[in-house]
Amino acid sequence: MTTLAVVIPYWGQSILRSLGVAAAVLLPAGTAVYVYLFKMVSFMQSRLGPMEAGPYGSMQLFAEVGKFLQKEDLIPRGADRRIFKLAPIVVVATVFLVYVPIPFGPFAVFGSYDTGIFLALAVSSISVLGILMAGWSSANKYSLMGGLRAAGQLLAYELPMVLAVVGVVIQAGTLNLQGIVAAQHSEKIFGWGGIGYPYVVTQFVGLAVFLIAAQAELTQTPFDMPIAESELVAGYMTEYSGFRFLLFFIGEFAAAGAFAALASTLFLGGWALPWVSLSNHWMNVVGPLVLFTKMMLVMFVIFWVRFTYPRLREDQLQRFAWKVLIPITLANIVVTAVVKVVF
Amino acid sequence: MSSTEAPAPPTDELREGLVARLRAELGDGVVDTHLVPGDDLWVRIRTDAWQAAGTAARDVLGCEYFCFLSAIDWLPSPYGKGEDDPTEPPPERSSAIVQGYAGGGSRLQVLARVGSVRAKVALTLKADVADDEPRIATWSGIYAGANWHERETWEMFGIVFDGHPDLRHIYLPTEFEGHPLRKDFPLLARMVKPWPGIVDVEPLPGGDDAGEAE
Amino acid sequence: MTAVSDRRQLAYIASQAADARVNVELETEGMTLNIGPQHPATHGTLRIVARLDGEQVVSADPICGYMHRGYEKLTEVRSFPQVTTLVNRIDWLGSFANEVPFILAAEKLMGIEAPPRAQYIRTILFELSRIANVSLFLGDMGVQLGALTAVFYAFRDREYVLNQIEAATGGRFHPNFDRIGGLKDDLPKGWIAETRACMDKMRTFCDLMEDLLVGNEIFAERTRGIGVIPRDVALSYGLSGANLRASGVDFDLRRDQRLPMAWDKAEWKVWTHPDGDSFARYWVRLQEVRESTRIVDQLLDSLPSGPVMAKVPRIIKVPEGEAWVSTENPLGEMGYYVVSKGDTGPFRVKIRSASFNNIAVASWVLKGTFVPDVITILASLYFILGDIDR
């Protein structure tokens, strides 16, 4: 903590870190919910959205949280109680874990690992377990169908996501997210260092596939078969109400933030600004804001697509992942590797 | 009606052709017809020729389009229109059964309409149904849409369709007793509370304009 | 038999038994799923009992009647003008269109015709009901497939049409405007110009739906080839309206029968599609809304002047007889078989509603489809519960 020139004992640092990760997860989630879910979709659908709670409905989120917290805790009679209660916790916990390796500034990172991106992707796939647990333990045929669809879909779309990232890793030469940010900051495009070298310039295929796969991992339309509101009511979340549903809700939007943060870090340059030195201590404060801005841009695309497109059927979804996305990403890896060696 | 010579009734070759072809196919299965030139055609079929009539309509007349199948109960309702003054004894009502176009000999009659989309013409087929045991053959093998219509007709009138694969209730719950569209099945809403239109007529606010219809 | 082969035989039998146990445990049995009566996808209280094998439908049985109101019995205790109020509520999205065939049947029995201006206005209001009804379908199909935004545009633009209907008749959803012999009232001042502007807006709306949904690849993937109903099956089940025309049958009751209405006074086209799948049904309805706007424009241009009500006695007694009139309603062919005994009220009214036949085909077409396709097919067949259940 050299910037502040204060000595904080280790337990104090741990508390600060816990609060920090809670803020890092909940702030983007909350902002995304308000800006995109309440306001942007409303304007797209030629309506206003919440306007009563606070100026322009800005307090609506707190009202919703309060509403969920004071609801009755319902568990269906035939449900498997322990797994029913555990499922949302699994989903939310894994989302928190995804934020751990993401760097917010030169030293503002919860854990800098040499296998950073690998860790993030591995942890994000644990949420599949949570969804399956929710679908199975609800004792409801609709939830079961939603859970099964989710399992198939999420497993299928893990692969294009991982393969899309491999291209970036080849270019950067490291799995460490901090190193990837540094690489994008320091390199030059054809000798011009004005904006650094965000990997979106050469890895546009990778970014496109990553966003599509992220859309599927978040079970957002056009990949929202597991939820499929007009068929399965709410899919695996049907039987959840009150605080447990709130956990799923937070998990969904926090995960959107997490994948947006990963996309920004891998493809758009992360927390770094190209003209500011990497080791500038003020970037510990400005960096999170920069990353947040880039996350909001990526989330805008995610939610825009969500509210426009109809949904793909399960088999069409699988076909798209296995027959279209994976070959494209494999080709991308080959081309990247060849170009890296040749040039 | 003008006093000068009435114009000759127009001929309807299309519909008369249908009648002729139907008679040729069914012989005396065609009991009676009623043709309004340029407008519509009713044909009454003998009860046991009902299925043959359906097949003939589809194959010989080319009427592939199934419009509907239902029934009529020609008994005048013993409850009138549910407007009886409950304080008075019920009025005398005729219970004479008078059938409509193309005649008839029974209280219940099955009624079906099929059409040809090519010739752009349709016809209504009727058939008597025996009073003591209302049964008639099914059309569900000829027109697939007849399946649901026959279920509804059985449910509402009590006419059993021989050969129907799945004759069960369609609108009403399974335990429902009675056949609601028969005239002797009372409309319970009117039994409970007769229509107050006759008994208590309040004056319109601001005076009425020469009185409403009674 | 040596001891070794005995042991081998025992081992083989034991493994077979173990396999059999595993097979029995893994064997999938069908799951019975109740889609409805409370479900976001069915427009109202329709229940489909589907037996599923995984995600594939083995058999589907639509169960209706949750909204049965007994209309045919109710008409027997009402007078002829009172039936109009009742009948508005069968297809409640385009309700003026429900009144028209009944009034025409009563007029046929009485031997009178409405004056020309009334015929034109009836046709215009009929087409406005069609636009109001089908434009909701255009948006709603998007919702069933997951494109949530489309239906908001549909509701927004439909308001213009409902405003016009309300301005003319006094009721947005249940006008109760038709009378035996004509209409209740004439059009208000300025209505014609406003309706013309409204028709322009509806054409813009159709273009919007075409861009948003018809041009969308995912929409095409979800609807093309789904729920194909061939021509002979469609005719045998009695499908009507856009469902029939989407299976390639060129049949439109507005063109193919003589009625005292003004459809033959305008130039318009009947749209058909050869495929018979869900996409065809959507596409045909989209074109029909556009065509309706053109009909309304032409009729507004050529609207004759004159009275809107013929001379009818104050207490209407319809002479004895039977009459059948059916029209091309927004949902399909709707017809009334009216039997009169010379009384002030009908003796028997058989209401032939389009959605009853349209849903009967569901048990045939849903076999072998996936659960998401069930939703697509039901959405594309487009039924209104009041029309099925009467």
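Residue numbering begins at 1 within each chain, and the chains themselves are lettered A, B and C in the order written.
Convention: contacts are C-beta pairs under 8 Å (C-beta built on N, C-alpha and C of every residue); 3 or more make two chains touch, one makes a residue touch a chain.
As the structure is a prediction and not an experimental result, all values here were calculated from the model.
> Show which chains lie in contact with chain B and also with chain C.
none
> If I average the CA coordinates per chain, which chain comes out farthest from chain A?
When every chain centre is compared against chain A, the largest gap points to B.
> Just how far, in Å, is the C-alpha centre of chain C from the one of chain B?
Each chain's C-alpha centroid was found; their separation is 24 Å.
> Per the centroid of Cα atoms for each chain, what is the distance between chain A and chain B, given in Å?
Chain centres of chain A and chain B, defined by C-alpha means, are spaced 65 Å apart.
> When the centre of a chain is set as the mean of its C-alpha atoms, what distance in Å lies between chain A and chain C?
Taking the mean C-alpha position of each chain, the two centres sit 43 Å apart.
> Two-or-more-chain contact residues of chain C, please, as numbers and ranges.
none
> Can you pull out the residues of chain A that are in contact with at least two other chains?
Residue numbers touching two or more other chains: none in chain A.
> Can you pull out the residues of chain B that are in contact with at least two other chains?
Chain B, residues with two or more chain partners: not present.
> For a test of understanding, state which residues of chain A touch chain C in their complex under the given definition.
41, 44-47, 141-142, 145, 221-222, 224-225, 228-231, 233, 307-316
> Give the list of chain C residues in touch with chain A in this complex.
Going through chain C, the ones touching chain A are 31, 33, 39-41, 55, 142-149, 152-153, 156, 212-213, 216, 218-219, 221-222, 370-373, 375.
> Could you list, by residue number, the parts of chain C that touch chain B in their complex?
64-65, 68, 70, 72-74, 76-79, 108, 232-233, 235-238, 244, 249-251, 256-258, 314-315, 320-324, 326, 333, 335, 337, 339, 341, 344-345, 347-348, 350, 352, 356-357, 360-361, 364, 389
> For the complex, give me every residue of chain B touching chain C.
Those residues of chain B that touch chain C are 38-40, 42, 64-68, 70, 72-73, 76-77, 81-83, 98, 100-101, 111, 113, 117, 120, 124, 143-145, 147-149, 156, 169-172, 180-181, 183, 187, 190, 195, 213-214.
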